[in-house]
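The structures come next, written out as C-alpha cells.
Two complexes follow with chain A in common, the first pairing it with chain B and the second with chain C.
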Partner chain A sequence: MRPFTWLAPDTTEEAVALLREHGSGARVIAGGQSLLLAMKERTVGPSHLVSLGGITGLAGVTTEPDGALVVGAATTYAALTRAALRGWHGVLSDVAGDLADRPVRNRGTIGGALCAADPRFDVPAFAVGVDAVLRISGAGGDRTLPAGEFLLGNGLTAIGQDEILTAVVLPPPATWDAVVFEKFRHRVFDAAIVSATCALRRGSGATPAAVRVTVAGATATPVVLAVDAGATGAHAGEVAAASVLPDATDEPTRYRRELVRTLVRRTVDRARTQQGSA
Partner chain B sequence: MQKVCLTVNGREVSAEIDERTLLLEFVRDVAGLTGTHNGCLEARCGCCVIEVDGDVVKSCNVLAVQVDGAEVTTIEGLAPQRLAPVDHITTQSLAGMYRPLEAVRGTPDDLHPVQAAFHRCHAVQCGFCTPGMVMVLKDYLEENPEPTRDDVRRAIAGNLCRCTGYQHIVDAAMEAAAELRGDPAPEGAAHGATAAADGG
Partner chain C sequence: MTETQARPTGVAPRLVGTSVPRKEDLALLTGTARFVDDLRLPGMVHARILRSEVAHARVRSIDTAPALEVPGVLDALAGAELVGKVKPWGDLMQDLLVGDHFPFATDKVLYQGQELAAVVAETKYQAWDGCEAVRVDLDELPAVVDPEEALAPDAPLVQEQIVYEFGEGNVFDRYKVRIGDFGAAEAGAAVVVRQRFATNKQAGAALDPHGCVADYDSFTGVLTLYSSTQSIYMVRDVLADVLQIPRTKVRVVVPDVGAGFGSKAQIFGHEVIASLFSMRLGRPVKLVLSRGEIFRSGTTRNAQVRYAELAMAADGEITGYRDYVVHNTGAMSVWGNQVVHIGTNVGMLPYPIPNIHVDSDIVHTTTAPGGPLRGFGIPQAIWAKEQLVDMAARELGLDPLAVRERNVIDPDEFPFRTPMGHVIDSTSIKQCLQASAEAVDWSAPRAPYEGKGLAVSMKYTSCRHPSLDTDLSAVRLRLETDGTVTIYSSDVSHGQSHATMLAQIVADGIGVGIEKVSLAPPDSMTAPFGLGTYASRGAAVLGTACRLATERLRDKILAIAAHVLEVGPEDLDTGHDRVFVKGLPDSGIYLEIIAATAAYRTHQLPPGFEPTLETVATYDTPTEREGSDGSGNLSVTYSGAAHAAHVRVDPDTGRVTVVDYAMVHDTGTVINPLVVEGQHHGGFAMGLGMALSEDYVYDAQGRQLNASFKDYLAVTAPDVPELTKTAEIPAPSTMIPGGQKGAGESGTGPVPAAIGNAVFDATGVRFTVLPITPQRMLVALREKERQGVETLRYPDDMPDFTGPRRHADWPSPVSAGADLDFDFDWEDDD
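Here is the complex of A and B:
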C-alpha cells in the first residue's frame, strides 16, 4: 500500500471541502471493501483518504412522504438485509443479503458498490433495474442523477472529484407491481457473471402497462432493454440475447449470451406470475 | 502516524501507528494476539475474521484507523481463561489445557460452545482456518439458532478450509447450534450422527 494521509471529517460539507482541497489524489472511503483491495495491489494509490465513517446521517434507511425509499450511501449490506422493507423494496434486502460473504456484508456499503462501478456488482445493476435516483453533494451544491446516467463504464462514474454520493432513492412502491432480480455465479461468494432485473407495472388486462428489463455483468454498464410490455419471458430472452451481445464469436461471450437469455426469461416470467397473483 | 485506541477483548490497546496498518496487523502486532491469522490478505480466506462492535469483519480488509474507538473481540476473547499468558510451556501446563473430550462442553468458564463442538467433532486439522471459522459461526448461530446444514455452508462461504472438506466443521456447527439452543446434550457426544446425507 502506498502511504496516504487519513482524514476523518464530521460532516458531508467538510468532506467535500477536503476533497476539493486535496484534488485528484484524494479518494473517499466508506467500508473500503473494494478500495482497500485495490490499494493493497497498488492499482490505486490515493494521497489522501477521506473517510465517511464519522459522518452521521449517511447510513440508514428512511421513507419520503410519497413512499420513495432513501437509502443512505454508507448503509452496509448487512443493515439492508436486516431492514424491514415493504413491497418490492424488500428485493433490495434480498440482493444485499445474497452477495459476497457474511463478514464482507458487514463492511461493504451500497454507495461504495455504486461508486466502485464494477459491472459484476449487484447493487448498481438493481439500481438501474428499478430506475433509482442518486443524490450527490458537491461544492457546487446538491444534484440528483438517475443510476443509469451515473454509471459510465468499468470503474467509471459521473461523480465529480469534489462530490460525494449521499443516498440512493428507490421510487415509491406504486411505481412497480413486481420486481425480480436473478443472477448467476459459480460459488455463492463470487460476483455475478450476468444478472438480470425485471421491473413490471400492471396494466388493466393481462398485459403489463410497462416492463423494464435490465441486464448487467455482460457489458461495462447495465443495459436497459427495449422489451415490448406484452412480451413473454422466452421472447424477452431472445431480444436480450440478440441486443446485449450481438457478436458472440468466442466461447466466453457465447456463454454469457446464454446466461443473458436464460436469466431474462426467468425474471420476466417470474415478474409476470407475481403481478398476476398480486 | 495516527493514534488509534481499541478495546481488544476488554483490554484497552492504543498506539501511534502508520495509517496503512490493517486491523489484522494491529491485533497481531500491537495487541500481541496471534490467534487471528493472516491468510490471504485479500478478504477471501476468512482466517482473519474478528468481531468489531458486535459484527464480524475480515480484519485484513479494514484499516485500524477506520475502527478507532471500537470494541474488538478476537478468538482469544471467546474463552476467558485462556487469556492468562503461559510464560513457560511444560508438560503440566499442557496437561491442564487438554482435558478429556467429554469434559469440554462449553461452560462459561470453559470453551465457547462453538470451540467445544469443534474440539469434539474434530473440525480442526491444521487449524489455520479455525479462528475465522469459529468467529463467523459464533456470530451466525447467535442470529440464526436453527440453521440447516445448507445454511451453515452458506454462512461459512467466506471461510476457506483446505484440510477438512468442511464436513466436520458443519457437524460441529450443528452441534454447537443445538447446545446454544439449550437442547439436551446427546449421550456420549454423538457427533457425526447428524452428518446425514448432504453429499459432503
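Here is the complex of A and C:
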C-alpha cells in the first residue's frame, strides 16, 4: 500500500467537493473490500481516500411512499442479510447473505459492489435483473440511472469522477410477483461464473404479463434477454444460451453458455411456480 | 488399532496406539504458536525480492543503484555482482551435479517470478519502494509451457548453460524401467488398454508462507537462519556451501511451521538473499514471501503426460504395464527428477506386475519449478494405472473390484519381493480393498448420474532417493535433572505431531509421564543430524531412532537404579516416573533422583558408568539403491490405501460432488490414531483438489493467471465430504521395530483415480486430464450427447491409439541398448 490521505466527510456534498478538489487521485471508499485489496497489491495507489463511512443516511434501508425500497449505497451485505424486507425485496437479503465470506459481508457494501462493476458480482446482476434505479449525487446535482445503464463494462460505470452513488432503489413490490436469483460458483465464497435473475409479473391467466430475464458473468455487463412472457424455462434457457457469444467454440465459452441455459431454465421455472402459488 | 507389541513397561498404561491429545494444539488453538512472520528481532530490517513479470527473457541489465536513493533503503543486490562470489546450487547433496540455482537470474530469466534483484530497508514498504526503483531491462523470449512442446527440436531452449549428464535440449534427465518382457505380455494378453493421461500442476498451498529471518552475528561470525522449512540440515549444508563458509558458522532454527507438504523440502533463493543482506549489514533481515510469490516461485507438483498401456489376461490378471512419461519439472528443480523415479517405481504397487517397460523424459519448461508434493509422483502414476485397470476390466466384462482382488499383493509368505523389486514386509491391502468397497455398498445399483469408483495404492515409507543415498533420522534424548525428558531432533514437525508422537514412545519406554516429555525446537546447533521431515518418514524412521535412543536411555537408567537398589537390571521395571522392583510398582526410585545422581552425585554411580543421562540414536533404513533397470526396494516398508468414491454429477452444471468416500488404510502399528486419521483426511483433501479443481493456469507467454487464493481453487472445508468411513486394517511392518508405516501421504495417492473411475461409472466419460472441473465435465457430457456414444474419453478420445511413442523415437545421447547405469555401487550387493 502506498501512502494516502484519509478524508472523512460528514455529508455527501462535502464528499463531492473533496472529490472535485483532489481530482483523479481521489477515490471513494466504502467497505474497501475491492479497493483495499488492490491497494495492498499496489495495483492502484490513490492519493486521497474519501470515506463514505461517516455520512449519515448513506447506510440503511428505507421505504418510499410507493413501496420502492431505498437501499443506501454504504449498506453492508451483512446489514442487508439481517434486514426484514417484504415480498421479493427479501431476495436481496438472500443474495447479500450468500456471497463471498463473512468478513467480506461484514465490511462490503452494495454500492461498492455496483461501482466495482465486476461482471461476476451478484449485486450488479440482481440490480439489473429487477430493474433497479441508482441515485447519484454530483457537483451538478442529483441524477438517477437504471442499473443497466450504470454498468458499462468490466470495472467501468457511468459514474463521474466527482460523483457518488448514494442509493439503490428497488421498484415497489407490486412491480414483480416473483423474483428468482440463481448462480453457479466453484467454491462457496467464489464469485459466480454465471448468474441468472428472473423477475416475473403475473398476468390474468396462466401466462405472465411480463418476464424479465437477466444473465450475468458470461459477458462484461449483465444482459437482459428478450424472452417471450409465455416462455417455459426450457425455452427461455435455449433463447438465453443462443444469445451468449454464439460464435465462440472454446471450452470456457461453451461452458458459460451451458450454465446460462441451465440457470435461466431454473430461474424461469421457479419464478413460474412461485407465481402460481402466490 | 490392534496391539501387536508386548507392553514394554510393567504398569504404566501404554500410550503408543492411543489417541493422546496433541501437545501442539494448545498453542495453535490459542493463537500463541509462533511462526516465522511472528519473529521480531532487535534491529531487524526487511527485505523484498523483485521478481520477473515475464517467464522467459534474456537479461540485458539490472540496475539497483536507483533503489539505494529511496528513503529507508539500506542495501540492494542483483545477480551480476554475486557471480563468482556465491556458489550455484541445485544438486541433492552429492550425486546430481546440477548447479542450476542462483539467488538471482543473471543472464536469463527462466520462469515468471524468478528473482531479479532484492532490496532491504527499514520497513517492508520501503523495501517495496526500492524494488520499484530498480531498473530492469529484459529481452523477452518465447515461453514454453507445454512439456510436450518443450521436446520439439525447435522449442525454445530453457536452460542454456548447463550440460546434463543424461539429457540434452530441454530434457534434463531420463528414466527407464525394464522389468520382464512387455512385448511378450502384450502378445499374450486378452486385452491391452491404452490412453494418454495428463496430470495437473498443483500447489503446496501451505497457509504459513515461505519465509525467513537471517541474523548474522558479526562478532562470532555465526549466521543464524530462522526459516519455515522442512529440513534444517539440508538448508544448513547447502547455505554454507553457497556462501562458502564453514558449516559450524551456519545455524538453522525453525519456529512453528504451518505445513509444507513437500513444498518446503529444499533451500530457496530467499533464504540465501536474506543471509547475504544480514551478513552485509550486520542486522537481522526478515524476508517473508507473499502468496503470489509462493505460487510463482515455490515448487509445485510435477505435471505429467503419460502414454500408458496395461495388458490384462482373460481372467483379469495384470500381465504388463508400459508407459512413456513426459515429466514437466518446470524451469529448474532440485527434486523434480526424483519424483518420476520413485512415483513410477512405487506407483506400480499394489500389483506385482511381471512385465514393466517405462521411459520418461524429464523436461524443462518456462514454468514454476516442479518438486515434491504430498504423494511424490504416486498420485500421477495411480491416476493413469488405476483408470487403465478399470478400462481393461470393463472391456473384459469383469468387475473392477474382482480384478483388483485378483491382482493385489496377497502372498502366502512375507517378505514378498515383487518383480519391480519392492520387498513387501507386510500388507493388508486386499482386506483394505474389500472393506472400502463394502463401505460404499459397491454392488448396489447406481442412481442416475451417480457412480462409484475404486483405486488402490501403496505409498513408500521414507525412501532411499536415487540421488540421495541415505535415509536416516536421529534423536538425542536427555533425562533432565528434574526427571523431565528433552527430545532433540532435526526432523521438523510441520503438522505431523512429533511432539506428541515421540513423547508417546519415550513415555512408554522409560515410564515417564507424557507431560514431562518435551520436544526441543529444531536447531542445527543442538539437534543430531537428520534429513528432515518428508517422504512420510516421521513415525517410522524418526520414530525408530527415538525408540532406539529410548532403549539406550532406559538401559542407563536401569543400570543406575540396579546399582542403588542392589538388584539386577532385569529385576527392574519403570512406570509412574519411577524405577521399581518388578511387582512393587508403588515403591522405587524417582527418575529425577536417578537423573540427579547421574549429574550431581557421580560417586553413587555404578563403577565405570559414564555420567549424565543422554543418549543418541541414528536409524538408516535397510533400503536398496535403484538398479539400472529401474528396479529396487527403495523403501523400508509400504503403507496401503484402498479408496472407494461415490460421486454425483450434476448434468446441468457439471459439478462433481463426492457424496461418500471410504478410505481403508494399512499404516502398520499406529502410534496415535487421532494424528493418523487427521493425516489421512488432509491427504484426501489434497487429492480432492488434484482431482477436481486445482491447477496452475498459464497463458501462452508463461504468466500464471491464478497466482492467488482467490483464483487458485484450493479445496476448502465445505468441499470435503463427511469422512466418516476412514478405517485402519493394520499389518505392522516387520522391518520397523515398532511396526509403524508412513501416514502422511497415503491418503492422497488413490484419490484422483478413485474419483475418475467413479465419474466414469456415473457418466460414461473417462477423463484423461486433471482436474475434472465442472467446465470439462459439462462440455464432455454435451460432446458425448452430440456424438451419440455410450462412453467417451475426454478430452483425449483416442481408443484406437496403438502404443506409446518409444524412447528411441526421441533423440538420445547414447545408443539404444547402452547401459545407462552410471550409479556407483557403494554397497556390496553380492
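Definition applied: the second predicted complex is superposed on the first by the 278 of 278 C-alpha atoms of A that agree within 3 Å, B and C clash if a C-alpha of one lies under 4 Å from a C-alpha of the other, contacts with A are read in each partner's own complex, and residues count from 1 in each chain.
Criterion: a residue touches a chain if its C-beta (ideal position, glycine included) is under 8 Å from a C-beta of that chain, and two chains touch if they have at least 3 such contacts.
Just so you know, these numbers come straight off a predicted model, no measurement behind them.
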Partner chain(s) touched by A:Leu36 [first = chain B, second = chain C, both, neither]: first
A:Ala100 touches, of chain B and chain C: first, second, both or neither? first
Greater chain A contact set [chain C / chain B]: B
Chain B versus chain C as contact partner of A:Thr214, first or second or both or neither: neither
Touched partner set for A:Thr75, first chain B, second chain C, both or neither: neither
Contacts of A:Met1 with chain B and chain C, given as first, second, both or neither: both
Partner chain in contact with A:Thr166 - chain B first, chain C second, else both or neither: neither
First (chain B), second (chain C), both or neither touched by A:Thr175: neither
Touching partner for A:Arg254 - first (chain B), second (chain C), both, neither: second
Touched partner set for A:Val188, first chain B, second chain C, both or neither: both
Overlap of chain C and chain B interfaces on chain A (superposed complexes): 1, 187-189
Chain B partner contacts - residues on chain A that touch it in the complex: 1, 3-6, 8, 29, 32-33, 36-37, 40, 49, 51, 53, 78, 100-104, 106-107, 187-189
Partner chain A, residues of chain C touching it in the complex: 125, 128, 292, 652-655, 693, 710, 713, 716, 718-719, 774-776, 778-779, 782
Touching residues (chain side chain A, partner chain C) in the complex: 1, 41-42, 184, 186-190, 251-252, 254-255, 258-259, 262, 265-266
Partner chain A, residues of chain B touching it in the complex: 2, 18-20, 41-43, 46, 49, 55-58, 61-63, 65-66, 136, 139-140, 154-155, 157-159
